[in-house]
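The following pair of complexes shares a single chain, chain A, combined with chain B in the former and chain C in the latter.
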Partner chain A sequence: MRRWIWLTVVAALAIAYPLLLSSPFQQRLGALVLLYAIAASAWNIVGGYAGQVSVGHVVFFGCGAYAAMGSYAKFGLSPLFGIPGGIVIAVGLAAIIGVPTLRLSGHYFSMATIAVAETMRLIVTNTDWLGAAVGLSGPTVPRNVFDLSFLSSLPYYYLFLLVLVITLFITWWMTNSRMGFYLRAIKDSERAARSLGAPASRTKLYAYMLSAALTSVSGALYAMMFGFVDPESGLGILISVKILIMAALGGAGLLFGPLVGAAILVPLEEISNSWLGGKGAGLTFVVYGAIIVLIARFQPGGLLSLFTGRKKSKSDTGAGHAP
Partner chain B sequence: MSFVLVQVIVGGLLLGAVYALFSSGLTLVWGMMNIVNFAHGDFVMLGMYVAYVVYTLMGGGPILGAPLATLVLATVGVVVYFALIRDIMKGPMLAQILGTFGLALLLRYSVFWWFGANFLSMPPNIVGGTYAFAGLRIEASRLLAGVVALLVTLGLHLLLTRTSLGSKMLAVAEDQTAAQLMGIRPDTMQAIAWAIAAGATGLAGALIANFFYIVPTVGETLGIVAFVTVSLGGFGSVPGALVAGLLIGVIESLSGYLIGAIYKDIVVYVLFLLFLWFRPQGLMGKA
Partner chain C sequence: MKLKHVTALLCAAAMSIALGTNARADDKVVKIGVILPMSGGTASIGAHAKAALEVATDIINNAHPELGNLPLAKNAGLAGLGGAKIEVVIADNQGNPATGQNQALRLITEDKVAAVFGAYQSGITLTSSAIAEKYGIPYLNSESVAANLTERGFKWFFRTTPIATDFAKAYVDFLADMKAAGAKTDAIALVHDNTEYGTSVANTIAGAFKEKGQPVALDVAYPVNATDLQGQVLQLKDKKPDVIIMISYTSDAILFAKTMQSLDYKPAILLADDAGYSDPSFIKAVGKISQGVFNRSSWSVGPSGSPSAIIADMYKKKSGEEMDDTVGRQMQGFFVLADAIDRAGSTDPAKIQVALKATDLKPEQLMMGYKGVKFDDKGQNVLASGLIIQLQDGENYTAVWPKANAVKAPVLPYKGW
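Coming up: the complex of A and B.
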């Protein structure tokens, strides 16, 4: 019962936020929080629930962003067509990365995701058709509402809110499905889960593909809001870092963890950027690095796990030595 | 075979020896503690900056810079072990990866913040000129880096296999409890392993600083190279890292020469992914 009261309060606040705090800066901030919350929630499916730390998630983000801008710049279509297009590419790519690496220990998976992300960035940077280093632009003057090109951040805010709710609902539904039970078993002990007949590799792969699809949607939304994508903003490894750290800070493997992380870190970055200007860019990531180290060292469950009463979970995935 | 091709291969071997040196640090820690240091490439980057600072402050070349970088990084390794690794080692996988990955960011962007994003470089003749040898032209700095790296990597292998310290470290790697019962302190041995691993990166960094571009983000590429080397060579194996390092050095310079400089990183990454598909246990690994 208390849970539902909380949910209602949070939902009401989320809907009312851009009307209560209605300056363009505040509305934009709200939209960005929701956007990163979508991406971080998508990462959470594979990073939190499946326990496979993808460090190259930006590659799916880039699939969506490039598909959205590409459908306008190359085919004259609404960027909305980029959403299904990006999903198809992202899921295919996830299968290519996931099939070989998810069988191995988690380190291989993490490193392979970095390698794929960097490879894609290098390839796109050198592909003229995809705009090379300059990138692709969206519609400068919207032809109709389906170009999703608005001056105000308000429409984006509600669009992102809707997508976030869908993402969280999919995550919640997944955790209560058979797949969710498999994932929990695998995360606790992959060997035990396998011996009881849980299809470990396949379940992890499905989680990865689902996560890739949702991340691609967040990338498409990002490109629509900013109206362009280039290799740095669409495929830079630092986007992965932001996504990952938001989920980990709030609480990886908890439904609302990524939202909490995004609500803390996005304002922090926006404010530090407006105070320090370009010089602050390096400092922001120093702080990010420090936060990640501190979480890993003292509270691997994330901030939300302080309230849910779950102590440091000492699951045995890869820790110490197998005898 | 044309002289140019031989030149390219020799260059690749010399660089590959340096790859082997810092990768053996990663493989040592990975094999011994089953933890992967995602900040490994950034340790090499730190070594490069130590050498650079030694040069700008004192005008010293690698004779001063290399030992100092080794010492500084070995200290960093020990500090990192006691402050972070010892605790996250026992934690969940997520904490292990996040911990060292966060460390990588912390190091990379601290350097970025302090030195800026500019490409720095050492004066071209800091070690000496270029030798002409049977038609080949080899820069002294590359020759020095390759030869020293090769010798140190071989030394590391002997240290691990032929000395009592090496036996103790292998004992800890094999079974911590049993080693403890034999009077070996796992904590000390693991700290020593981190000192050696990080020291190797410091030396490697100081050696390539003489001819490589010095930039805060170089650690990312070098970290992937180290990871590829270790996965090819089989984890925990220094000889494996040596062979794989030389091989990757040659493949990288050949593809840089034959396809184009921008594609050499792509070739290494794609090779890595292919290996994961077809031979995940590595070139010489068992299973």
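Coming up: the complex of A and C.
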């Protein structure tokens, strides 16, 4: 019962936020938190629940971003049309990458995903049709509402909120399905899970593909909001790292972990940048890094496990095992 | 246990403070938002630009009668706004187009800047100027050269720097003059990295030569921040082009110079496209083995006592570095923007836009070697131009072309070391 009260409060706050703090920068900050929460929640499915730490998730992010901008820049369509295309490409790519690499264990899987992401970035950088190093631009002046190019951040905020709710619902549904139980068993001990008849390879692959599809959506939304994608901002390895850190900070393997992580790190980055960015080189990242070190040292299960971790052992599966 | 809670509290505190809004602008101060790479791979550019803008602000806000015809130098502050001072609000773009865009929004909506200036990297100029366009705030760019920036139909975007098409034409004319003087310039090789800058500039130059009926003979691309360039140099050594045009950032330019020396290869003419070859650290590292390299620049220090020499001195005192083309173009752009605000007599964006459109500065009112500043409908400065400079006897570039601006005559062939 208490859980429902909390959920209602969080939902009410999320809906009211841009109306309470209504300056354009604050609204945009809110939209960015939700956007990164979507990406980190998508990563959470394979990184948190299945324990397969993918550092190459930016590949799927890039699929969505390039599909959205490509549908506008190459075919003159609304970037919205790129979303299904991005999902199809991302899921296909996930299958191609996942079949060989998900057999690798631990760090080797992470390394393989980095390699794939970097290869992809280099391929796109050298593909003229995808704008090469220059990137693709979206509509600057919207032709109609379907171009999703708004002056205010408010429409983005509620769009992202909707997508986040869907993402979290899918995650919640998955964890309570047969697949969720398989994943938790695999995460604890893949060998034991296999010996009990859990189809480990197939389950991991499904989780990977589901995660890829949702990451692709977040990439498409990102590109629509910024109206631009280039190899660095769409396929740069730092985006993967950022997504991963957000999930780990909030609590990997917990439903609301990525949301908490994003709600802390995104404002922190923007704010330390506006305070310190103009003064000296790199101070922003020093502050950013210090917070991460503190969390990693004192609360490796993620911030959310402060509250949920030692309450009950039932919902505790993720805490303490985060990367 | 306690520390965990402290961490959580700190996070919460940081967030809540951040959500407060900034104070409103003072009437006697005109705020200009500046977006620069203050961290990331090009952070040194941001640091140099910051020093340059501090010098520029000093020149505008205080009386500097020694600077002659330079607008705004004579009196303190902006005369058109009752002596109001310029204040620069710098934001870090972190080398990231998304961050650049967020910062543009913050500068416009939170800091209420009158205009935005930036953002060095073409990709970031692209995204951040889109925000200024949506909000109807003038955006002045002084150093991004990607051609498409002024092809977007924007009404609030202005660019003072010469772009790839301008200097491609200069190279064609320069080489034609060298040919007339007896040099062999038939086979041209382009060497460039694979970034947006490298590929787009190489394409533009190749196009300009093709138009003149002299297609580029050899195109050598290499990955940026290369660790080994022997293959590329050996390829050049094998094909023996008459002219090599280098489009490289600093670290690659240095490696090329070293590799060419170790493989004992010298072309007859080595022509560099600014960037790495204008960086003071390039001259420090390999200037001695790159004697006779030609370079493009719009910056040339005049005789001592001239405005450009005084500004160069002020900049050197501030930053400890020699003035180079990039910071020069940034300062010039900033002066153009300040001049427009002064003439507008207001911080109203629409009035500044009108003033920018009416800008018509003559060469003697500029610190850079442009033929003037005048914007076309797309916001591009149509009078932007550059000179060819050469590294002669030692560590300083000297203007050698066109004849009208030349301090010395060009020396051929490339001497190297």
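One rule holds in what follows: the second predicted complex is superposed on the first by the 286 of 323 C-alpha atoms of A that agree within 3 Å, B and C clash if a C-alpha of one lies under 4 Å from a C-alpha of the other, contacts with A are read in each partner's own complex, and residues count from 1 in each chain.
Going forward, a residue touches a chain if its C-beta (ideal position, glycine included) is under 8 Å from a C-beta of that chain, and two chains touch if they have at least 3 such contacts.
Bear in mind that the values here come from a model prediction, so they are computed numbers and not experimental data.
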First (chain B), second (chain C), both or neither: which does A:285 touch? both
First, second, both or neither for A:1, with chain B first and chain C second: neither
For A:295, is the partner it touches chain B (first), chain C (second), both, or none of the two (neither)? both
According to the stated criteria, A:115 is in contact with first (chain B), second (chain C), both, or neither; which is it? first
Contact-wise, after the overlay, does A:126 reach chain B, chain C, both or neither (first, second, both, neither)? both
Figure out whether A:103 sits in contact with chain B (first) or chain C (second), or with both, or with neither. first
Which chain A residues lie in the overlap of the chain B contact set and the chain C contact set? 126, 282-285, 291, 294-295
Chain C residues touching chain A in their complex are 3-5, 7-8, 10-11, 14-15, 17-19, 21, 34, 38-39, 43, 46-47, 50, 89-92, 94-99, 101-103, 105-106, 109-110, 122-123, 126-127, 130, 133-135, 146, 148, 152-154, 194-196, 198-200
Chain A residues within the chain B interface of the complex: 47-48, 51, 53, 55, 97, 99-101, 103-104, 106-108, 110-112, 114-116, 118-119, 122-123, 126, 237, 241, 244-245, 248, 252, 282-286, 288-297, 300, 312-315, 317-321, 323
Complex contacts: residues of chain A adjacent to chain C: 21, 23-26, 28-29, 32, 125-126, 132-135, 137, 140-141, 151, 222, 226-228, 230, 232-233, 263-264, 267-268, 270-274, 276-285, 291, 294-295, 298-299, 303, 306
What part of chain B is in contact with chain A in the complex they form? 30, 34, 36, 38, 84, 87-99, 101-110, 112-113, 117, 175-176, 220-221, 224, 227-228, 231, 262-263, 265-266, 269-270, 272-273, 276-277, 280
